[in-house]
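Sharing a structure with you now.
Letters A, B, C and D mark the chains as written, and numbering starts fresh at 1 in each.
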Amino acid sequence: MHHMPENMRECIEQCLSCYQVCLGTAMTHCLHAGGRHVEPAHFRLMMACAEICRTSAHFLLIGTPHHRHTCRECAEICDECAADCERLGDMQECVDTCRRCAESCRVMAA
Amino acid sequence: MHHMPENMRECIEQCLSCYQVCLGTAMTHCLHAGGRHVEPAHFRLMMACAEICRTSAHFLLIGTPHHRHTCRECAEICDECAADCERLGDMQECVDTCRRCAESCRVMAA
Amino acid sequence: MHHMPENMRECIEQCLSCYQVCLGTAMTHCLHAGGRHVEPAHFRLMMACAEICRTSAHFLLIGTPHHRHTCRECAEICDECAADCERLGDMQECVDTCRRCAESCRVMAA
Amino acid sequence: MHHMPENMRECIEQCLSCYQVCLGTAMTHCLHAGGRHVEPAHFRLMMACAEICRTSAHFLLIGTPHHRHTCRECAEICDECAADCERLGDMQECVDTCRRCAESCRVMAA
């Protein structure tokens, strides 16, 4: 892409990775596992995380200065999602991806 | 929908109306008018406004408590978009729709 | 919006209504009901229906002639979603909204 | 992600790359260049391409068999976008990314 700062490019990658892992895990692993994995609070958090990651990447690509606010919110939801996935267990890929995305978003929100 | 509070339902409607008007106006009126209407700062603001409205509606529909934060950000971007459309002129539908959406989002963000 | 044909405007409304009902019902009614309502095939169909409705509205708003293809696909998924919701029962709002959207999309796909 | 076939994983990557390049290029390069780059037909095609790529990736991640239809449509729009970007010139990254995405989507649509 045209002249994009490296940390911005990195953040887009992290957001789209986290979007993929959260959405993909919710719609396959969680639906198949059932039980605690489809409890409303957990499942909604995963879907909210996927959506804010998608939106944050979109804002960064649009080139709007408002990306700071979506990145800040993205970091908060990713942290919460990582903690909830860790609590449930057997979701380490999701925990790790959310944490990396949160870190990258905090840089862009600063 | 199932047992949704009236102000939440109203906010979803306002967000989806504002999404429609901002995206539809940018991709028809602004592209056809050209000139100031496709200046990067204005055009990006309209696209950012369309996207945050879509996301705020999505968060309200998912039923996540994080809708407060997306609604707060939505209100800010809508206010900014309304002011910029008023400055350009000949975009009164966009001005009015953004203001109604901002008002509704502020209620949900409180 | 600027000079949009009435049947196009109507189709956008139906798509966004169906998006709202499918996403809102899946994330509240289905998650709370559990059991058959969160079986992967049913739940994925509802989420796919919400997403294609959102995309079809987006294509109509963008003003691209490719809306014919997204509307044709939207009609097919809506029909399938209506049938599956009818099979499960207790989802009449979803059945009716999907059928109205499918009808409207078939007009735009012709 | 959990047990996803390699060609599906590859297609998600190509779709999200093409989404990034088309959206990012339209909202920076095209808006800054102006002239032919913001002519309605070209600009709408780029935005439609970005959106169908985003949707196709979403369908693949949801795990719905309807991904075949969104991938087929995605391949068509990517081919058209590649040809239009080639015609304008100075958009080789977009041309190449659209062609790779089209090829990958055709595999998933078969």
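In this section, a contact is a pair of C-beta atoms (placed from the backbone, for glycine too) under 8 Å apart; a residue touches a chain by one contact, two chains touch by 3 or more.
Fair warning: this is a prediction, and the values are worked out from it, not measured in the lab.
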Original post:
Which neighbours do chain A and chain B have in common?
Top reply: C, D
Original post:
Same or different: do the copies chain A and chain C touch each other through matching residue numbers, with over half of them shared?
Top reply: same
Original post:
Counting in whole Å, what is the centre-to-centre distance of chain C and chain D, each centre being its mean C-alpha position?
Top reply: 23
Original post:
Hey, how far is the Cα centre of chain B from the one of chain C, in Å?
Top reply: 22
**OP:** Please list all residues of chain D that touch 2 or more other chains.
**Re:** 27-28, 40, 44, 47, 58, 62-63
Subject >> Interfacial residue positions of chain C with respect to chain B in the complex >> reply: 1-2, 4, 12, 16, 20-21, 23-25, 27-29, 54, 57-58, 61-63, 93
Original post:
What part of chain A is in contact with chain C in the complex they form?
Top reply: 27-28, 31-32, 34, 38-40, 43-44, 47
Subject >> Complex interface listing, chain B residues touching chain A >> reply: 40, 44-45, 47-48, 51-52, 55, 58-59, 62-64, 66, 69-70, 73, 76-77
